[in-house]
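Okay, so chain A shows up in both of these, paired with chain B first and chain C after.
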Partner chain A sequence: MLKQECSINKYFVQGDEAIAEGAIAAGCRYFAGYPITPASEISETIARRFPEVGGVAIQMEDELASIHSVGGASAAGMKAMTVSSGPGISLKLEGLGWGIKNELPYVVVDVQRAGPSNGVATRVGQGDLYTVKYGSAGGNNSIIALSPMNVQEAFDLTVDCFNLSEIFRTPVFLLTDETVGHTRELLVIPDPSELKIVPRRKPTVPPSEFLMYPLNAPGTIDHPFPNIGEGYGICVSPYTHTAKGYATTSEMDQDKMVTHLVRKVTDHLDRLTRVQEEMLDDAEYGIIAYGCEARPAMEAMKKARSAGIKVGFLRPIIIWPFPDEPVYRMACKVKKILVPELNRDGQLSREVQRAAKGQAEVYHLGSGGVETHQPVHVYDELMRIIQGK
Partner chain B sequence: MKNQGGDLERTIHPLAEKYLRQERMPHMACPGCGIGQVVHSTLIACDELALTPENTVWVQGVGCSSRITYTLWKGDNIDAHHGRIFAVATGLKLSRPDLNFICFTGDGDCMSIGGNHFLHACRRNLDVTAIMFNNAIYGMTGGQVAPTTPMGAMTPTTPYGNIEDPMDSVQIALAAGASYVARWRSTDFRQIVGSIKKGIQTKGFSFIEILTQCPTQFGRYVLKTGDPIKIVQWYKDNTVTLKKAEKMTPEELKNKMLIGEFAHRTDRTGVVERYWDMIRKMQGERT
Partner chain C sequence: MARTELRFAGFGGQGLLLAGIMLGTAATILDCKNAAQTQSYGTEARGGASQCNVVIDDEPITYVGVVNPDIFVCMSQEAYDKLIVDVRENGLVFYDSDLVKIKELPKTRQIPIPATKSAIDIVGRKIVANMVILGSVIESTGILDADLMKMCIRENVPKGTEEINLKAFDKGRELYREITGKA
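Presenting the complex of A and B:
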C-alpha cells in the first residue's frame, strides 16, 4: 500500500500515484507500459502494487507493444491501462485505432509534457489536446478524454475513465499533465463500497443469437462484451467489420460501422458533458482553462473579483467530446473570454472559438510550457483584453 | 461457389467441419498457395491434441498469413495490426494463461514490421505457438521485396534486383531464446503436424517457420513461373535437412536454407508462468 498520512485512507502523494491507485480501485488488473518521463511513476507504483492485488503489470519493449498488449488483455476480459507522454502517445496512436474500431474498453493516460518531439521531457506542456482527439489514422473515432486539475481528481477521474470505457466500449483518455502528475497533495481514497464501478457486461443470450457489434442500432452503448474463452467465438481485427466481426469491403458496412462509432459519443452528450463553472451568473468576462492551467486561472478570477471586475470561470472536466453547449452559454453571457494554455498554437482556444459561435471575443494566452502560467500572468492578460489594449 | 463434386456439403473435410466456420469457406488463398496446406496440418494437430474451439484461440497479424486464416476458426479470432501479433498475444496469454493460442504470422509481419515484438516474445518465452508463413515476398500488396527475399530478386520495388541479404528467422528465434524452433517446407506434411503438436505442448515460445510457395507473387516475379509444382521443386532444390547438412561443406551449403527441428528446450519457463507464480506467492504470503 501507499504510505498513509494523518489518518486512515488519507495519503500525501503525487498525481501519478493517485492515477495508479485509481486504476486499482476501478478494477484494472492488466497494465503495460514503457518508461517515459513524466509518466514513469504511474508504471512504478503499479509494478509494486499489482501483484498485491492479483493484477498483471508488464514493461513492454516499446509503446506500440504496450497499447497492443492492453488491447489484447481487454479482449481477454481484463480492465486494462497503459500510460505515456507526448512522444510515446504519438506511437500509441497506432494501436488506438484498433481499440476504437473493435470497441475495446481500456484506458490510456497521457501525462503531457512540453513538446513537440522530445521537447523538455521533465517539464509541463499542453500540446496533446488535438493529438488524442484526431491522432488516430482514418478518423471516424469516438474519443472520450477526461482531464484532472489536482491529485484528488487524478484518482477520481481515473475511476470514471474505466467506467466510461466499459459503458461506451471504447478506449478512454485521461489527459493530464506533468504538473498534476508530479504535484504532491492530499489524496483521500474512498472506501470501495462508496465507489461506483461498472463491471464488464456479459451477454444474456446464447452465442448463436449474440452479435458482437451492435451495428444495426448505431450509437448503442452498454452493449455486452463477451471475452475470449467464453464460447462466443469473438472476432477482433483491423478490418472494417460486420456485426459478427467478419471483414467486409462493402460501402454500406463501412458506413454502418463508422456511423455507430461516431454516434456512440454524439448520441450521448448528456452523459458526456461535465464542466466546472464558477461565478458565471453575473459574469461580464470569462476564463476557460483545463488541467494544471485551471488553478492559476481560478486565482486570477478571484483577484479580479476582489478588484470588482465580474469574471467567471469554466473548466472542461470531460474535454472530449468538447463541452460545446456550456461554452456557448458562457459566450452568450460574457463579452470576452481568455483561454490560458501551455501551447503556442492555440488548441483549447480554437475549440472555445468554435463553440462560442461568435457570441464572445476569444483570446489565447499561450506559452511553450515548462512552467504553468502564474496567476499574475493570467490576471495581467485579462486586464489587458478588458481594457482593449 | 460452384463445386465440382456437386454437393458442397459432401466435399467438406471432417476436420474443417469440426473446427472451421462453414460460412467463411472457401477461404481467400490463391490457387496453389501453401497456406491452406498448413491450415490443414494445424487442424490435424488440434484434433490429435483434442483441442476445442472453446479452449483455443487463433491469433493473426496482417498479410496473406493472417487475412486467409482470420475468422476461419470456430472459436475466438483475434487479428492484430500489422506486426503487433505478439504484442497482442502477450496481453491475451498473460490474462488467460489457461487458453491455447495459435498465432499465424508472415515473414513481413513477424520479421519486418513486427521484428522487435518477435525478438521480445522469444526473449520472454511467451507461451504461445507461432506459425510463420514465409513466402519470401509481400503477397497481399502486390509482390514487393521482403526481408526474406533472395538476393538479386526482381520485384516491383527492386526493379534492378534485390541488393539486400535475406534474414534467417530461425537463427534469430534461437538467439533470442525461444523454447521450440523448427522450419519446414509446406510439403513436409507430417513433420509440420508433429512440430505444431510439439509447439502447443512445449512451455514457452514455439516458433515454426513454413517455407510457403506463392505462385501469384513470388513465383511470378522471382522464379518467373506461376506453376506451384515448379515453386515447390525450387524449395526442394534450395533446402537441406539438418541431418544432411552435417555432412556438407560450407561451400555446398551456400545459399541453402536449412530445415528441421532446431531447438526443443524443456528447461526454460516463460514470462506467463513466472508472473502468475509470483502473484500466487505474494497472495499466499498475504493470507
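Presenting the complex of A and C:
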C-alpha cells in the first residue's frame, strides 16, 4: 500500500489490498494461505500488516492445510480467513465442507481468474459461481457469498463477510475477481467507531446445559460458539453429529443436521438479500450482472437511457443465497433481461432464468474472460435482443 | 475535467505501472478527482509486455477499463506496434524516441521523448525513465498540477530515491518544452 501521510485514511489501492484491510478491520487475526495469482496481494498485505496488529499469518504447504488450519483457528476462537483463486479454491473445497458441517465462522476469498484449470493465471474470469455454491462434497450446502464491484466494496463487504460468518456460524465467501482485485481506486477506511463488528457469541449457560448445535430448532442463528479449550467439551469432527456434537449414523440425526444447515440460510432470506437496483421503475428491458461485469453493464445502461431506451439494472451484492425475489420482481416488469458474464456456460444467466420463472426472456452474453466486456459489447448485444435479431 | 483515459505500455521493469499508480494516487488523494488504475501483465517478473491503464474524471467512474486512450505513453516497439491502433482520434502519443520507431499518423500528435537516455544522462540510472516521461505528460496535458505530482512522488518512491525521481520528473517537463518549442 502506498503510504499517504497527507490525507488520513484515504488510500489509492488495489481491491486485494482493500480486502486485507477489511479483514483486519473486522477483527481477523488468523490468516493461512498458499500463493496464487490474482489473490497473492491479499496474502502479501496481510503478511505485512499482521505484525502491526498482533495477527498470525502463515503461508502453509498447500491449500488443504491452509483452509483446515483456518477452521481450527476459528474453533479456537479466532476470526480467520483464507484466500485463493479457481485452481486453489477447488482444493480448499474439501476443507470447506468440514467448516460448513461444524458451523465454523470464517471467510474464504475467491479472486476469480479465467479458467478452467490454471487457465490464464493473471487475467479475469467468472467461472466459480457454482463452484463456491455446490463445490463442497455431500451437498446440503448453506453457502453465503458476497460479491464486490469496486475497491471500496471490497473492503466493506469483507467486513460484512466476517459479521455474517459470526451471525450464521458458517464459512462465508467473498466471491470477487481479478479485475476488482487488481484495480486501484480510492479506498476510505472508516474510523473503527463507525464500523459494526459482530463479536463471537459466547454461551451464557454452564457446559452441562449447552448444546453446541441447535438442531432441535433448525434454522437458528446467532447461536453461541465456545472456544475449544474453554471447558465446553465441544466436538468438531467430519462426521454427522448430534446437538451435542457426537458422531451419529442415524437417519433422523442426519436429516436434522442437514435441515438445520440449509434452513439457517433459507429461513433468513430477509437478512441475506442485498441487491443494487438502478432505473427499474419504468424499465422495459433489464441487465443483470455481478462483480467486475456490473460496471460495463451499468455504463451500457446509461448509454441506452441516453438513447431513450428504458433499461434498468440489477446487481446481486449477496449472490448466494441468490436474490430470487428481486430478480423475479424485475422479470415481471421487463420484457427481456440480458446477463453479461465472463464464462461461456451461462452460470449467472441460468440462475436469473430460474428466478425469473418465465416472466421475462433471459439472454446470456458470455465470454471466456481475460478481459471484461466493454460497455459497447453489452450495449450492442442489448440492441440486438431488443430488435429480436 | 471530462473523462481522460491514459495507457502506459512497455516492458515489465520500466516502471510504467508505478507511473500510473503515482498519477492515480495524486489525482484521488491530493486533487480530489476520481481515478481508476488497471493493468495487464504476463507471468514473467520482468521483461514481459506490461500495460498500465488510468482513467481520471471529475465524475464518478463507472467503467474502469481503457479502450481508446486519449493519451498513450509507449516505451517499447512491441507495445507501439500492437496498441497504436487503439489510440483515439486526435489522441496524444508520448514515445521513447530511442526505443520506438513510429508510423506516420496524420490525426495523432506523436511526441518523441528520449526518456531512457535522459534518465541515464542526468542521474545515471535508467530506472527513472518512467518519471521523465511522466513529467512530459504532465507538462503537456496539465491533467494534474506538477507540484501536486511532485508531492506525490516524494511521498511514495522508495526512501533515498526521492531526489533522482524528482530530478527525472523535472527533466521530462523540460524536454517537453524544448521539443515543442515552448521553453
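By definition in this document, the second predicted complex is superposed on the first by the 385 of 389 C-alpha atoms of A that agree within 3 Å, B and C clash if a C-alpha of one lies under 4 Å from a C-alpha of the other, contacts with A are read in each partner's own complex, and residues count from 1 in each chain.
Here is the rule we use: a residue touches a chain if its C-beta (ideal position, glycine included) is under 8 Å from a C-beta of that chain, and two chains touch if they have at least 3 such contacts.
The shown structure was predicted, so the numbers you read here are calculated from the model rather than taken from an experiment.
Which of chain B and chain C touches more residues of chain A: that partner is B.
Shared-chain residue A:235: touches chain B; no touch with chain C. Residue contacts after overlaying the shared chain place A:251 against neither chain B nor chain C. Of the two partner chains, chain B is the only one touched by A:69; chain C is not. When the two structures are aligned on the shared chain, A:282 is found in touch with neither chain B nor chain C. Residue contacts after overlaying the shared chain place A:302 against chain C, while chain B stays out of touching range. Of the two partner chains, chain B is the only one touched by A:78; chain C is not. Look at A:374: by the touch rule set out above, it reaches chain C but stays clear of chain B. Once the two complexes are overlaid on chain A, none of the chain A residues touched by chain B in the first is touched by chain C in the second. The touching residues of chain A, when paired with chain C in their complex, are 2-7, 10-12, 37, 121-123, 179, 182-186, 295-296, 298-299, 302, 371-372, 374-376. Residues 21, 24, 53-55, 57, 60, 62, 67, 70-71, 73-82, 84, 87-92, 94-96, 98-99, 116-117, 119-120, 271, 275, 278-279, 282-283, 286 of chain B touch chain A in their complex.
Chain A makes touch with chain B in their complex at residues 30, 32, 51-52, 54, 56, 58, 60-62, 64-66, 68-78, 80, 94-95, 97-98, 227-229, 231-239, 245-247. Residues 21, 24-25, 28-30, 34-43, 61-65, 67, 151, 155-156 of chain C are the ones that touch chain A when the two sit in their complex.
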